[in-house]
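Note that chain A is present in both complexes that follow, paired respectively with chain B and with chain C.
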Partner chain A sequence: MSLALPSEVGGAVRRGLSPRTVIAALVLAAIIALALAAPLITPFDPLDQDLLALNQPPGAEHWLGTDHMGRDVFSRLVMGARTTLVVGFGGALVAFILGAGLGLVALSFGRAAETAMFALIDLVRAMPDVLLALLLIVALGAGAQPVMIALGIAFAPFFAYVARATFHREAVKDYVTAARLFGGGRLHVLRLHIAPNLVGGLITQAAILLPRCVVTESVLSFLGLGSSPDQPTWGRMVADASHYIETSPHAILAPVLAIVALTLSLSMIGDAVRRRLDPLRAADEAAL
Partner chain B sequence: MTSLSLSRRTFLAGTAAVGLAGGLVPFQPRSALAAADPTRGGVLRYATLGLDTADPHRHTGSIAVQQIYAEALTSIGDDGAAAPFLAESFAVSPDGKTYTFTLREGVTFHNGDVMGADDVVANIIRVKDKVKGGWLASAMKLVETVTAQDARTVVIAMHEPYAPLVNLMSELWILSPKSPGWDDTITTPIGTGPFTFGTWQPKVKLTAPASPAYWRGGMPYLSAIEADLRDGADRQLALRAGEIDIASVPADIAKQLAKDPNLRVSQLKDAGWYFVAFNNRKPRPPFNDVRVRQALAYAIDKAAFINFASAGTGVVSNQMVGPGNLYFDDALFKADPHAKADLGKAKALLKEAGVDPSKETIEFVSWQESYPQVVVQMVRKLGFNVNHVALDDIGTQKRLGQYDWDMNCMSSGPRADIFLRYVRLMSDGPNPVLWGGIQDSAFDALVKKAVAETDLATRRQHYLDAWKMVMDNYYVVALGMDADQIVIRKGVEGYEPGFTWSPNRVDGGVAQTWLAGRS
Partner chain C sequence: MKTVLHRLSPFAIALARMLVQATGIVVVVFLLARLVPGDAVDVKGLEGDLTAAQQVALRHELGLDRSVPEQLVAWSWRALKGDFGDSIRFGRPVSGMLGTALPTTLLFAALSFALGLGLALALAVGAVTTGNRVLRELVNLFSVWSIALPTFCVGVIGILVFSVWLGWLPVLGSMNLPVIIIGIDSAGVIVKPLHEELREAATSAHVRTARAKGLAPWRIALRHLLPTAVPVMLALSGLVLTSLVAGTLTMEVLFGLPGVGSLLLNAIHGRDYPVIQAAILVIAVALVVINAATDLLHRLIDPRMTS
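Up next, the complex of A and B:
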């Protein structure tokens, strides 16, 4: 069975990456490269304090200046990228596994399991993301791993909903019926026949949620709920520098611009992924 | 009864055991007298500390809000001395065991009832019988009898002399026994203060309207106070925008705000102290080894720490009080082995103790402040791994109370009496978690001796001996002193911070504050 795409959609898919997607990919690649090479390129230990050089403006020694504790802002920014990326991406991964995994298993076990599981998911979804993550961190304790788990639980419903919608769309198709008629069990049909067709939608959802995970991680760090208070994360850098915004704006500008650059590039890439993996929806949007 | 006139130093030292009679204090508003015509009306927006409970008798820690609606027999004046307040005078017997308070005439509760001796006795008995722990617990244990000799005279007889009592009575709040919840937890305190309890939104705000029948004639001038009770709110912009009139802020922020022509910066008259404490109740190896604690103390550069924590306004100390206080010992200060950091000595001590710091992780707990991070970095330089957990106030208290940590870095504010600093270090002291829950009967005995001592010099020596014990065992390491910074908006007249956090006191505070150009 094949699906013929409208000619303009096929064109859109065949066309190469747009300039903005290329720029976004370059920005993201640069941030990831900086994070990976952080120990090699940071001129100072990001935890080292120079209590005689608080809130120093950018200069030859400290390229982006120092913060309120005399720590090198550039070094903290680069090392902070690691935490922000790991927690943000980790949170999205946990959400993917929890949401898609549990959702699909429940779906494959019939109506009762689906109703029970999605009632629970609806309950989770009823809470605002940040509030839910806050409550979970209170229960799990502070630190990078609890934040990742909290992000995962908070964002899991998004994957579950996509999995359910796609599952129901695919489950009524002939190839699934045929697989069942040939004696395929629920999990067998799910694993070999339905799951491969869900991947596109789920990856699209992951691309959309990644920047939200990054922003939420920054918000949680801003609220002081992330890792150890002196460990650099972008959200915590914003929180620390916010008290000195008038006298030392450089200390807050650097992490704010970094968060904007990362989330913007992730959003643009997410958009491109969505267009590529979900061409019908992209065509609908193009028609509008 | 003996009457003596005492110097400020003696007053600061605590009053009772030397045989003191408090004199009458005329209530004349300082700034208001200077001003020809204080403006009446207006709402003062005030933001310093929080309010944990509506029951004043159950509040511990630094108290900075409830004084606006609840008052006491005595009040700590600007010089740190206990002065008569709801009592017009007090006297202490020469043996230091009997305290007589003569109540002021014409004081009424917010419900209109006249405050009498029976009411005062009922309050003292309530604190003695119903309140477990708290500042007054050890004092109340020593109370033999409390009697209303007549309608205006209350006599407290103690089993033994108790020097801090008169100062501590400044925090034994006198409320109407008709206050709702009196038999259990008071929910709406009916006090005698210049403002009434009003509407309380926990952790948000308290709106306290003026009491129309306040006993200090003509006061208060304000129509209400709105106390901001939010934890961790950034007050800097609110002060600048004119949304808060009086607020406590960190020293470095105060330094910035001092440049604003609409704001002025003042300080509490007593200083708080910064310290590092170890887990003394359930210490785990190797932090139960005094050499390891000593090594950690050697890693701390006190001067750099206090300069950062106080934005240059504080002083280094190795005691709970600073220079100028009677209980400060200069010789002890000059002999401080930790006056300067010495990583060499620290490493040698660790080697002697057989400790490889790279294999040890210090569980470090603090509030969400910047200054503990300075200490964390200093001890990391010894090679220790540090798991630093920074929590809000309630979270910190809870975590410290679990005694599953090794080290902390905290601060503690001004107190109405030196005993209130020592009592937190006692085995049965109130809320001892910040100081690691010390359990040392020899220390307790020394403090008890100090409290019961009628001779001031001997009492001082007992306190110092107790402190030396704390230093020798490295239960707590004092780092320095710093006065809390209070920022006051232009147009707020007649307000100056006092010796403690109290916003309403015998010689100043919100009762005589008024707002110029706002009504």
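Up next, the complex of A and C:
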């Protein structure tokens, strides 16, 4: 592949934001804004039970109705956005730091350290992420923090692989050889010459993994392993309402649609980020 | 002799890798379960009133007073023979509980896996041979579906539409809907890379020649594209298995299927550690074995892998 992009394809890649991406960004911004403003806009305490108003359909007093314990669905949805966002994004952040950090440390120490570290990472990858997260939560106990750590450990290998692949791709290039010939040490070359090239790949990976982290968080809390029961999360709301699906579908539809809106917009933004930061690959796809 | 060895060595490597991975999983599962504060005797002690002397005796009987490596070896040796101990909550052998739950999960997973691979293959080959816009959009749609839609959300909407509003299916216990949901989800995991790979294969000389000879599109698809598609699909099937685990867990819980997933979650909520350990171990090791098997199959049918 030639290094220079054909001008018309380059133009197509840099055409700016597609309407889809803009809508996705607006949806995400709205969810984040609701989560930030949660205590100000919730009409009820999300834990308050109104036992005289169980399974109420949406109406003037309860905008999205009430659930099987008489709790206001809208208030729970808005407060739940906080937990879902914090744990999902936090998990991705832990994965980023852990994966990129361990990968780079191993790479900077040379062949033996690299082989050992990646053998360990391969071992972690041999288990599917949900199963590993589940096992870690059993070991660490339920709660927001353990779930974040579990997500971080389960998704960290992806970042380590990206770091290694980019490292080896760059390490054979002429500018690295030149830097070494000028007497640059291993660490110096890594920090000054290779690290800047790692950033794009790692951010792309983060953008791709973010929706998966959020999905896994919602799966875990749906299975009852997320944060503690007094913290509403969307996954837990779905699980709670699933027993009353026939009588009060609104209580389950609200969190389901919220999860879908969040993960869909995240994956569209991830796609846009990938196209922007990985123009060669995107041009490849556009040409085919 | 040398050629036989040459052909066999990748198998030996695949087998060795499988054994190492399986051993690693056994160690990880055992050690993580040991991180849990309190042991089986503490759990029992909380329920009944065991005296301190009884607790010590029970710990000795269960081997909990020995060193961790010793316990690991003893536990793995018994697990290898299919003895996972007794459930703390039900007092029954864990192996028996797994035995009753496994057929449901295996049937469910096999059906979803087959549906997923079949769908992905049909869609990718169809899109490449016909160049149909609708099929190409379907490839993208399936791929976005599997990335962005958690299967349990799709399951909830499916129950609402097909069971509650249309009344076509029972809410609980039916396997039709979950198999379709997980099948589409699995197809979405691999359909895009498969499609990309096939598009590249479709530009190769032998397909161009077939087209120039005037062969019918379905014949090109079956005789000239499918042979390249199957090995690629086998290489990608590991990804499907990973997503299948999450899907099976949530679908079993949501649709009330009495499989290993339901068993595992009930055990987690009841802190039934022997059952948790055994269920996770069985799922993880089964995955390693299936992955090794598809890897071997891939090497067998694709001569490029051994040369």
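In this text, the second predicted complex is superposed on the first by the 282 of 288 C-alpha atoms of A that agree within 3 Å, B and C clash if a C-alpha of one lies under 4 Å from a C-alpha of the other, contacts with A are read in each partner's own complex, and residues count from 1 in each chain.
By definition in this document, a residue touches a chain if its C-beta (ideal position, glycine included) is under 8 Å from a C-beta of that chain, and two chains touch if they have at least 3 such contacts.
Quantities reported herein were computed from a predicted structural model and do not represent experimental measurements.
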Superposition on chain A - do chain B and chain C clash or fit
clash
Between chain C and chain B, which one touches more residues of chain A when both complexes sit on the common chain A?
C
Answer with first, second, both or neither: which of chain B and chain C does A:Gly185 touch in the superposed model?
neither
For A:His68, select first, second, both or neither according to whether it touches chain B, chain C, the two together, or no partner.
first
After the superposition on A, what does A:Glu246 contact: first (chain B), second (chain C), both or neither?
both
Applying the touch criterion given at the start, work out whether A:Pro196 contacts chain B, chain C, both or neither, answering first, second, both or neither.
neither
Is A:Leu134 in contact with chain B, with chain C, with both, or with neither (first, second, both, neither)?
second
Between chain B (first) and chain C (second), which, if any, makes contact with A:Gly110: first, second, both or neither?
neither
Just checking: does A:Leu51 make contact with chain B only, chain C only, both, or neither of them? Give me first, second, both or neither.
first
Touching A:Leu264, do we find chain B (first), chain C (second), both, or neither?
second
Where does chain C run into chain B after the fit on chain A, at 22-30, 40-48 or 238-246?
40-48
Chain A positions touched by chain B in one structure and by chain C in the second
224, 242, 246
Mind listing the chain A positions that touch chain B in their complex?
47-49, 51, 54, 68-69, 142, 224, 228-230, 240, 242-244, 246-247
What part of chain B is in contact with chain A in the complex they form?
234, 236, 250, 252-253, 256, 304, 307-308, 366, 368, 370, 372-374, 376-377, 380, 386-391
Within their complex, state which residues of chain C touch chain A.
21, 24-25, 28-29, 32-33, 35-36, 144, 147-150, 152-153, 156-157, 159-160, 164, 171, 196, 199, 241-243, 245-246, 249-250, 253-254, 264-265, 268-269, 276, 280, 283-284, 287-288
Show me the residue ranges of chain A that touch chain C in the complex, using the header's touch definition.
122-123, 126-131, 134-136, 138-140, 211-212, 215-216, 218-219, 222-225, 235, 238, 242, 245-246, 249, 252-253, 256, 259-260, 263-264, 266-267, 285, 288
